[in-house]
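If you scroll down you'll find the structure; I have some questions about it.
Read from first to last, the chains carry the letters A, B, C, D, E and F; within each, the first residue is number 1.
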């Protein structure tokens, strides 16, 4: 009888590497959510009007809502394609704990979609005339907040992956979970624009991050087992 | 009427033809650009209003007009390939897209770098600026479509459809954006109007413009040649060309080793 | 419905007691008892829609039955998940092959996930065993239907799992390929493994009495 | 020559940062484009060459296989 | 030899009826884009703050951007599932002209996703304190504009349907095409808020509608033939 | 590569001249010439990945060949699209069946799209011909793999098209089902139709000399 003598870390990096390879092969996976983010942000001035004052007032909200929607759209790639070609079944049947595989896939998802968003956010902040004092807060909230989006989103995908047209149902499940992140993040940025300390809001986002990091992988594992039944 | 074009419709002929004119194009581009850029940076007079920031003009305007010109060329190529099933036109459209995108990006970046000292902000939602940004999106869409299909012939056809739809849309976008902007806000950007140029400024501009145009032609030629190769890799002439090239390469490496 | 009886005194590898499956309010099989020993090759038979896939998914633990239990080495599979999965290789209707990765990358990932040591020479040899020499670096999405499935089947050649559960493994595979797979099954059961499969073709290189059959058929109560 | 000294040239009448930023970014982007265009040509040639080699290998494998089947027809070959 | 003696109208209604049946079977298809629309609109007050004045200023932009994104997300269902199960192949091989089948599918898509948006829009306008004079303009622009979104979107879907992960690429292709509709529609609503006539903008949207109605089905047909090749 | 010669003096139903197909820069077949007459049953043979599916898709006009032409009744298929499609029935690897619709609805839609008159009695009888009695109102997504394919195959029983192009029609179909299909093919060619199919199984009820074969194999430049 063979003993799968791969340590947790090895399994984690195996899956992570595979997902990153697929993304690099298919560079669109990285570029497209980013472009979506950019396009959504540019749509708002077109819809609302070009006045700098209005734009700078609503900039934090727009950037965060766009980040949220862009993450949402990219969530699909987390398990859907693995489900459709049978790889997910194989992973659930592997001798390793499911939560590690799930965590690796979530981390890969964040590296592919969350990180690029953070890198391009300052540029979009310029387009929307964001208050100069708020840049630090914007970056920090994105850095702590986008992983939460990936983690919570994974739960939604896990639940809907077996359903044929889960695309919009997914957003229905996930968006309410995203609301606290949105509220605290934009409030932090607004506070920073006034020159006040915003560490309170940051601490809450950090707490959300740690909480979802510990709980989400197990929830996702359970959800996947149900939805592939 | 089209007869004289016929030999160039042959991939092999146009591959070798472009290979022959490429060095000349490159040399001319280098010549014009180096004269133009040095003249523009060091010898042209400063603008009486904008000072030395005016020197950005010499890159900005050629890049902006080439960005639009290349899209136009791409649309013509797409149309040709769709109507006359002219496969080489697809290859040339595929070669143009990335070049156009880069020049659009240059126009945007130089414009932004000019806007900060002149208007006090990197970006305003002015009509011209906005439509240039949308042009960049159209380019990126075409490139993404080219990359998304593995079969380059299909990719060419798909991107051609998008290019043509985009070209119908381009004037609509342009006018809508212009109208949208003036509706909301006065003409604060009337500075964008053409400055009356003196002769000392015109000549370096002409050199820069021709230089950039030649550079664009050169790069498109280079890319066009690799597009021809990928699309015809099964043809015997490509096979012999590749094996000759590779054997030469190996011989060179051996020489280097010795 | 035929039920296989235990034929040896050693404890069975997989045993199933009182299995009942209902799908869409239709009873597929009722009170099924099966014992499968090392060295068995079991063909689940039955017309379309009789419940073969449903049975295999229950055996592998992917679906929960309406009633009844599945045991691996006399332990409930839900209670010995890790050992069971280490000894299980399940291939369903879907091949579990990613179109964006090359044939070699797919195989290597699948093998490593199962816990096999990964090395490049092995991968190439294994792929040549399923006649994919020259396609190692082709993206799987660029292969034909049969070649696609062969990537998935290749892992059988390196599997250390005892229990193979295969749902229509011969789909889209050409005749030579089917014969090679049958030889592989022979070798596997000789080494003390077992094979549970469905197929609408007959197994050609096996003697009829060598193959145990589980025949499902429509039941109406 | 419009400038008295090299530092004045660099300073560009106070607009140095913006002018050099524009020219620098433009030069970098064009250089990158030129580089990728030039390498793509050799990359394409290498790719085609690799594929030809793969075909040769495949042809060899099949030839060997055909030989072995004609030699001993009873043996299963796969 | 059989002669397919179905008139164009019969084929049109055959396909239309089928798509509507599927949507009714799978009610999520109708409800989810609607809910997405509602959720996106409600995210903005959360991200921006509850002040009535700011909200009413940006309401037209937000409603229209949300309508646009919601249409975009639902576009996937236009051809993707037909492609994945082989029905699209069968339609392309049917003896009827492709543009009729395509047009029927687009009309079905609008009935399923566009119409409900229009019906719920007044409610959301209330939430965002839209100027009372603008309601008529909002409804009229949505009525004329959402079909354009479906028609232009279909071109994008047609081009990307053969590609594995076309989801986000689609938005890149389609969003630039949507910009004129967005600009004229919001401008009409803003003009109406000032009590001025907005028939000019409406006329342009109507022209866009007629233009895309005549051209899009053919473009989509051509695109489908390419991408299923 | 075998090339079928014209065997009768009447013009062929489908003919193909100088067909060359390249996928992934690999030459699949080169300068293929085929003539297919009324009353022919043609089996396209070859190992996995040899280009059978590619050939069938070109014949049906779904893919464009790299070089060469396909004629229907001596007219280019691209120029007589409507007549050709009226006389063509193509079933690919994918069944073209919607999971959200019932078996009866699926069949009725497919038949009407092809131009057949639609009536309910017919639908029920046709479904019973493919052994789906009792499943008329089950959603297709709730059927087994083989039942799913049967819905798609059912339209053969009502088809008035002369040319049937079938890519692995027997996938997931049980033995009884295969036999029934073969009988249907016999009736079809007797009525002056033709059948072009791929399968990795042998056709059992046909005499070997009755079946024309097109054998594809790997070609190198």
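The rule is short, and it goes like this: a contact is a pair of C-beta atoms (placed from the backbone, for glycine too) under 8 Å apart; a residue touches a chain by one contact, two chains touch by 3 or more.
Bear in mind the structure is a predicted one, so any value in this text is a computation, not a measurement.
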Copies chain C and chain F touch via same or different residues, half shared test: same
Higher-contact pair (C-beta pairs counted), A-B versus B-E: B-E
Chain C and chain F, separation of their C-alpha mean positions in angstrom: 30
Chain C and chain D: spacing of chain centres that average the CA atoms, whole Å: 44
Between chain A and chain C, centroid-to-centroid distance (C-alpha), Å: 37
Overlap residues in chain A, where contacts from two or more other chains coincide: 26, 28, 32, 35, 39, 46, 49, 81, 164
Sequence positions of chain F contacting 2 or more other chains: 24-25, 93, 99-100, 221
Contacts with two or more other chains, residues of chain D listed in rising order: 48, 51, 55, 58
Complex contact set, residues of chain B against chain A: 121-126, 130, 133, 137, 140, 144, 147-148, 177, 180-181, 184-185
Of all residues in chain D, those that touch chain B in their complex: 1-3, 9, 12-15, 18-19, 21-23, 25-26, 29-30, 32-34, 37-38, 40-41, 43-46, 48-49, 51-52
Residue ranges of chain B in contact with chain E within the complex: 134, 137-138, 140-141, 144-145, 148-149, 151, 154, 157-158, 161-162, 165-166, 168-169, 172-173, 176-177, 179-180, 183
Sites on chain F touched by chain C in the complex: 23-24, 46-53, 93, 131, 135, 138, 142-147, 150, 168, 170-178, 200-201
Touch list for chain D against partner chain C, complex: 54-55, 57-58, 61, 76-78
